[in-house]
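Before anything else, here is the set of structures, which you'll find just below.
In the two complexes that follow, subunit A is the common piece, with subunit B as its partner first and subunit C second.
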Partner chain A sequence: MVKKQLPLLLGSIAGILVVADLFVPQGWLAATSDRLFEWGQILAAAALVLGGINLMQVNYPKIRRREEDWPYKVVLLVSAAAMFLVGIPWHEIGGARSPGEVVVERGGAAGQAMLRIEAARPDAVVKIDGGAVPIDGKMIGRASRDGHPLEIALAPGKHKVQVAMTASGYGVLDAEFDVAAGQVAVAHAALPMDWGKEGRVRTWAYDHVFSPCNATMFALLAFFIASAAFRAFRARNTEAALLLGAAIIVLLGRAPIGTLINRNLPDITNWIIDWPNNAGRRAIIMGAALGAIVTGLRVLLGMERQHVGGE
Partner chain B sequence: MALEKSVKPPRSLGERLQGFDRRWIFLAMGLAIVIPLLAPLNLPFKPSPMVKALYDTIDSLKEGDVAYLSVDLDPASTPELEPFFRAVVLHLKRKNVKIAIGSTWYAAPPLIERWIRDAVEPQQAFAGQDGYEGKPDRPYEKNVDYTWLGFREGKEAVINRLGSDLRGNYSGRAADGTPLDRIPFMKGKNRLGDFDLVILVSAGSPGAKEFVQQVQTRYNIPMVASVTSVMTTDLTPYYQAKQLLGLAGGMLASAEYEQLVGKPGLGAKAADVLSVGHLVVILAILFGNIIFFTTRPGGARWLRRRFRGGRRR
Partner chain C sequence: MRGSRQQQITEIAIWVAGILVVGGAVGYGVHHLGKTAWFNADLWFSAVVVIAMAAAVFYYIRRIKRDPETIYVRRIPGVDAIEEAVGRSTEMGRPVLYVTGVEETQNIQTVASLLILGHVAEMIAEYDTDIKVANAYPLTMVLAEEIVRQGYANVGRSDAHRPENVMFITPEQFAFAAGVNGLILRERPATNIFLGRFFAESLMLAETGYVTRAIQIGGTAEITQLPFFVAACDYAILGEELYAVSAYLSREPQLLAQLKSTDLIKGLVIILIVAGALSATFSSLFGGFDLAAWLVP
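Then we have the complex of A and B:
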């Protein structure tokens, strides 16, 4: 009763309230519906924790029993653990480190105000007054010049300096200072490496592991489609021939070469997409919507029980 | 016996074609992608009506308007959608439209943060730069001209909640922790319907389709979308029904939008790849059909009859 009937009852009540909000303009109903969506978001986030536990429960026994492909499961768990660890903002534990500061000192050429950059990382880049003060003729310059700290003459007065690494995941020195003639403003840029979701290691893993793998999987589609076009796209009968003809027209019309072959091809392509395609899509959308309504009603009425482990 | 083994009957053309190694197609496709990138063809193209409608919708925004930009994608779809993102941001910045950026995809934030650093914060277009004849844009300042709201888990539930309580969805703060009350242009922006336009850059689900289904119809929100090629046919019914005021589908549409904005970039370069790549697929289809017709029983005869106008028995 508690394991199956209660979740069904709760699901039905929540579903009916949300559906009713779409049709009944009552304030309390809208507020309840919003609250249910908020809970849904919290539950979705909490499911991530369950997912992590489930990942361990499924994969660890297989590794222990040395089942087929167990080394891949080791890679999976180690990668997951590594990403979890580098996602923690370790640098904030015990207080975040300062990215640096600007100190104004006496010195420099008489009648001139100077800015000197002393960056902890020689490949850091510098922007003065948002790029308004050029460094070697450019908006952005390097923090070191020929192995020495960058020194640049400024007009006396208030200025803003930004020192950052081109790669993300480091602290940024972004400070305003007031320098007078005969003074030197020294920007000590510590640029500490950050951890956490915007940290260097996680960003590096995203850029150099996740991103290329993800893009590669999608890019392979070009080759699979070409191969599938060669092996499977046959004009076996009139319907298949029509489909093939439409596909070739759309392929040509949706690329600049189509205009080169015939300037009417893009218009023919647009017609195919706007009329026959849309007619078909609408039929599919309507069919799927009717199916979703029926499934929704079955869930609300407790007739659909698969999601609570029923038949 | 040995003689019998060594003498094989000659293979017909059809049989030889049937044994065609498809790795040649992979090679052709590889070359079709690489060569146009190294030696651009610069083939001309004109904007399609859907992209023109998208451009006109954004162009009708006024200075000081606020657009909500939902970027729902992952690295796999960047070749198709990054050119659009850069072009639309330039278009919005030229018109001095404020931008609130959010995402419902967990893999998107690092990409979006980089694009913000590359395209939103600095000036993108200067007068006279590489033949650029449009109006220059200006650097955008965080939480003054734009804000990055971050990612929220919950997929369609998040989209639904954006329609009714955007501030609640983002806990009243931008991704960097700045309270939304302290961002001047976010004043009075409590739900998606309060924005002047919602711009969707989507690579799948949840994305443009879910935004239309969950919030556009219910709150009558003006919306435009840029999606991947494979999603285009899913969304054209919504464009025809005016639920989407403009639609850019795929790489060519991104290139068309760049052309309309007047600053051809990544999309324009990739348009040539699309031309040659599509040609390779068409040739593969034709080649496959030639093999099919020449190798099926009576295929050659059937072909001859077809092309000479003979009747099938």
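Then we have the complex of A and C:
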């Protein structure tokens, strides 16, 4: 009894408070609602651990039993473990590392102020005063040219220098300094590699492994659409024939050749999309919105009990 | 015929008129009294709709309990096909694949899908076949696992439940599509049920299922994906039908009342659309009161 009634009661109270927050502009209600959402996020985070365990439970036995396509499951688990490991911000353990510093020393040409960049990574890029001081006529220049550190003459006074890698996942030296005539400001840019969510390894894996795979899957959609359209647009009955006719008109009306066939085709296409199509869409949206409200109500009011095991 | 048709129409008309009068009076009062600390007057019409729906649900629950024969629910072929498809899976000795969509549990379509999953799990347990549930989010997976477990328990088959059949795939959309496609091609389910919120991956899943010659039932309230399910699935559950499935399968008066109340409010919406169109037309021609602007400030 308690196993079913208590979750229903708690769910109803939480749901009614969140819905009430929409209509009742009271601070305590908004705070309660925010707190409930925070709890929801904590639950979701806890569920992530269970998701990881589930991944192991589902895939490891198949590897052990050498079931069909088991090597793919090895790839899956190894990739998941690798992404988990590189996603940890290791560089923050034992304190954050400095991306470098600017030290002002005596030296350089008499009566002139200088800036020298000594970057740990030669392919780093430099921006001075937000690009106001050009480097070889450009806003951004390389920290090293022909193996030598970049040196640039500056007007005496306060300046700002940014040294960064073009690729993400490295520390950025962003410092202000005050240099006088006869002095040289040396920017020691360590630019340490970061780990974690925004770290170099994770962003590299995401950009160079995951994104291309993702794009490949998305690209396949064109072929899936062609295959599904071929089956759907068969004039088997009156409705299918109407669908086919409308599809051909819209297809031609949206393509440049449509205007060549008949200059009214784009207007007919727009009419089909704006009127009959829009009317149908709105009817479905309205029905779905009402259905969603009632589904929410019946869960909130405890009428629907399927999620706690039914009656 | 179920009950007196005339009496039903009269009752509905009285309720429609009552909701319009009470809703209008509340709306008018709140709108003209301005914002109070206890009510956001800008949302008065939304509040009236929610209250009207709740009132309608309670009214129909009472009526259905009094006279269960008065309710007529039209057949939804996609839902009727679920049992048939589960039976086919049993005969073929192949599992049923159930996908809960690619949204989190906060999404109402995911909630609707999970509610339906309970009924499907009971059916699966009764037929003694296997179910594979693919989830895009860990929290959905946890809920789905509990729902499937309860479904098996409800028909006294707790021993047949295998927790590893409820899987967390990944929240990444196309990685999820790739994972479920792999599952379809390896496990060759005889039935694929896609219910919940889907995006571009809907067609990838349904087309892969078509290749394996599975019976496919696709349902979503996501308007851009409906054509894909219609084109690629054997049965499509369209828009609001997704929210009606759980009630349809349970046949419980409380849940069936939901269907009738939705119909009642749809009637009100139709009246408001016609009145709003007339009001907007007259307002633009002669000036004066505009119903739409009044309802939604």
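By our rule, the second predicted complex is superposed on the first by the 221 of 311 C-alpha atoms of A that agree within 3 Å, B and C clash if a C-alpha of one lies under 4 Å from a C-alpha of the other, contacts with A are read in each partner's own complex, and residues count from 1 in each chain.
Please note the rule applied: a contact is a pair of C-beta atoms (placed from the backbone, for glycine too) under 8 Å apart; a residue touches a chain by one contact, two chains touch by 3 or more.
The structure presented is a predicted model; accordingly, all values stated were derived computationally and were not measured.
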Worksheet entry | Partner chain in contact with A:I293 - subunit B first, subunit C second, else both or neither | second
Practice prompt. Go through the superposed model and pick first if A:V24 touches only subunit B, second if only subunit C, both, or neither.
Written response: second
Discussion item. Looking at A:V308, would you say it contacts subunit B, subunit C, both, or neither? Reply first, second, both or neither.
Written reply: second
Discussion item. Quick check for you: in the superposed arrangement, does A:D34 touch first (subunit B), second (subunit C), both or neither?
Written reply: first
Discussion item. Quick check on the superposed pair: does A:N214 touch subunit B, subunit C, both, or neither? Answer first, second, both or neither.
Written reply: both
Discussion item. Looking at A:L251, would you say it contacts subunit B, subunit C, both, or neither? Reply first, second, both or neither.
Written reply: first
Worksheet item: Once the shared chain is lined up, is A:P266 touching subunit B (first), subunit C (second), both, or neither of them?
Response: first
Worksheet item: Touch check for A:Y206: first (subunit B), second (subunit C), both, or neither?
Response: first
Worksheet item: Can A:A229 be said to touch subunit B (first), subunit C (second), both, or neither?
Response: both
Worksheet item: Do subunit B and subunit C touch any of the same residues on subunit A, and if so, which?
Response: 22, 40, 44, 48, 210, 214, 217-218, 225, 227, 229, 231-232, 281, 285
Discussion item. Could you list, by residue number, the parts of subunit A that touch subunit C in their complex?
Written reply: 19, 22-26, 40, 43-44, 47-52, 54-55, 57-58, 61, 68-69, 72, 210, 213-214, 217-218, 220-221, 224-225, 227-229, 231-232, 281, 284-288, 290-299, 301, 303-304, 306-311
Discussion item. Applying the document's contact rule, which stretches of subunit A touch subunit B when the two form their complex?
Written reply: 22, 30, 33-34, 37-38, 40-41, 44-45, 48, 130-131, 168, 197-198, 203, 206-207, 210-212, 214-215, 217-219, 222-223, 225-227, 229-236, 244, 247-248, 251-252, 254-257, 259-260, 266, 270, 273-274, 277-278, 281-282, 285
Worksheet item: Once bound in the complex, which stretches of subunit C touch subunit A?
Response: 35, 37-40, 43, 46-47, 49-50, 53-54, 57, 104, 106, 108-109, 111-112, 114-116, 118-119, 122, 137-139, 141-143, 147, 150-151, 153-154, 163-164, 166-168, 172, 174-175, 177-178, 182, 186, 200, 203-204, 206-207, 210, 221, 223, 226-228, 230-232, 238-244, 246, 250, 252, 254-255, 258, 261-262, 265-266, 269
Worksheet, complete the sentence: Note: in the complex, subunit B contacts subunit A through residues 22, 25-26, 28-30, 33, 43-46, 48-49, 74-78, 107, 109-111, 113-114, 117, 122, 139, 152-155, 157-158, 160-161, 164-165, 168-169, 218, 229, 232-234, 236-237, 240, 250, 252, 271-272, 274-282, 284-285, 287-289, 292
